[in-house]
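Paired with subunit B in one complex and with subunit C in the other, subunit A is shared by the two complexes that follow.
The block that comes next holds the complex of A and B.
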């Protein structure tokens, strides 16, 4: 995986780690998240074009933000649900 | 001359023997009388030493904890190959992403944070144990 450039390899591992940390509180459970994430990353294993790898890292960054947004939304909904009983 | 030295030697042994007798060799009733006296000082010292003694982790403990962690890691199928020298990729069949996960689990187990650079260098059980022991809180094997 991304054997061409050690710096990029590093970045991929870092984002993978960050995503794993995010996944600890995933609604469907950590194991669900972990297997999916692993599969998603492994499916991109063959890519060796640096530009494409950078694109992939950006995509991972995007996913990370999406998950963050999901958590905020969940928190907001929970809070709202506890405060206004409708 | 030889016949005279042997009895003398035997007497010496007989005299010396009680001193070297272990508690196991003594009659049953006596150890119970002597044991409290013998053990009391050591426990007393231990209670004092608890606060400032060099606790830390022993190599066996670190290795045991890492092995337990790997045993419970679902992607390690072949636990028979798991030992103190196992390589994550070659022996346990983990890919680079699994290695990241293992390192994360180790971080959690020992409540430390391993910087990316060091984390990248960990590829086997032995390297992980060495890294943990090299930490300020870890006790290097004497």
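The block that comes next holds the complex of A and C.
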């Protein structure tokens, strides 16, 4: 598996590591998250068109933001239920 | 004025998603679970960082924590969110400070670091005491605004909107002051992996309680810790008469 562009390869690995790190807080557990993340990335490994790889990285960035929002909302809701009785 | 020196104390608590369990000896809760930063302290860090981003002159954001060795991770998280440096006062496991002890300690830190704004979480989600901020303001003789939902600083006057029962209250005060945060103040950012890595380069000072020469002997004694009683299930009634007789039985009618 040789990527055409080492810079892109680096970017993909970076976002993968970032997502993996975030998975430690995932509600269904780290193992649930890790297997699915791995599968999602492996399913894209055949892509060798640079434009498509960039699209994929963008999608990963989007997912990262979504997970951040999910964590924030979950925390906010839990606290609200705990401290605001209405 | 050369800019604000903000002190943000943070606490390492049992993660909000973990259900605490009372230990077998009934002296406390099981602490061998996931820990994270007190959510209300995340709000105060975020507010300090946002003050800077809103072009309020902020000279320094100092994160502070007193607790066992692992509290250093929480200070790292705070620095990943935007604090400039950290101070960690190490205490041994099982020798946690009480709100008054923390307030006395913070007073020393404020004096030592010449802070002019302290932003605390209104309470920690483990002890739920909600006392430290108020005690600190009292010890320092500073203005205090608790449960802030909006903070604005212009020059040395601070306008704080705070949440009170049944509405909001707007306070105006002069610096220096103590602010405690409420849930709706802002939306804390996520401490991402690259930022945590960068935070490892930020300075973190390690100190001990002895360095401050304080008497922090506990004044409270925990007698016993028990789980709340389990919720009893309801009963189904067949008809209206059944319901009324049941209500009478319970003394509600």
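Methods note: the second predicted complex is superposed on the first by the 83 of 86 C-alpha atoms of A that agree within 3 Å, B and C clash if a C-alpha of one lies under 4 Å from a C-alpha of the other, contacts with A are read in each partner's own complex, and residues count from 1 in each chain.
One rule holds in what follows: a contact is a pair of C-beta atoms (placed from the backbone, for glycine too) under 8 Å apart; a residue touches a chain by one contact, two chains touch by 3 or more.
Nothing here was measured: the structure is a model prediction, and the numbers come from that model.
Overlaying the two complexes via subunit A leaves subunit B and subunit C side by side, clear of any clash. In the superposition on chain A, A:42 makes contact with subunit B only, not with subunit C. Seen from the Cα centre of subunit A, subunit B and subunit C lie 80° apart once the structures are superposed, a value rounded to the nearest 10. Using the contact criterion defined above for the overlaid structures, shared-chain residue A:79 touches subunit C, although it does not reach subunit B. Looking at the shared chain after the overlay, A:13 reaches subunit B, while subunit C stays out of its contact range. Within the superposed three-chain model, A:27 lies in touch with subunit C and out of touch with subunit B [touch as defined at top]. Ranked by how many residues of subunit A each touches, subunit B and subunit C are led by C. Closest contact between subunit B and subunit C, by C-alpha atoms in the overlaid model: 7 Å. Taken together, the two structures place residues 17, 21 of subunit A in contact with subunit B in one case and with subunit C in the other. By the touch criterion stated above, subunit A contacts subunit B in their complex at residues 1, 10, 13-14, 16-17, 20-21, 34, 38, 41-42. Of all the residues in subunit C, the ones that touch subunit A in their complex are 16-17, 39, 125, 183, 187-190, 192-194. Chain contact summary for the complex, subunit B toward subunit A: residues 95-98, 100-101, 104, 116, 120.
Touching subunit C in their complex are the following residues of subunit A: 17-18, 21-22, 27, 68, 71-72, 74-76, 78-80, 82-84.
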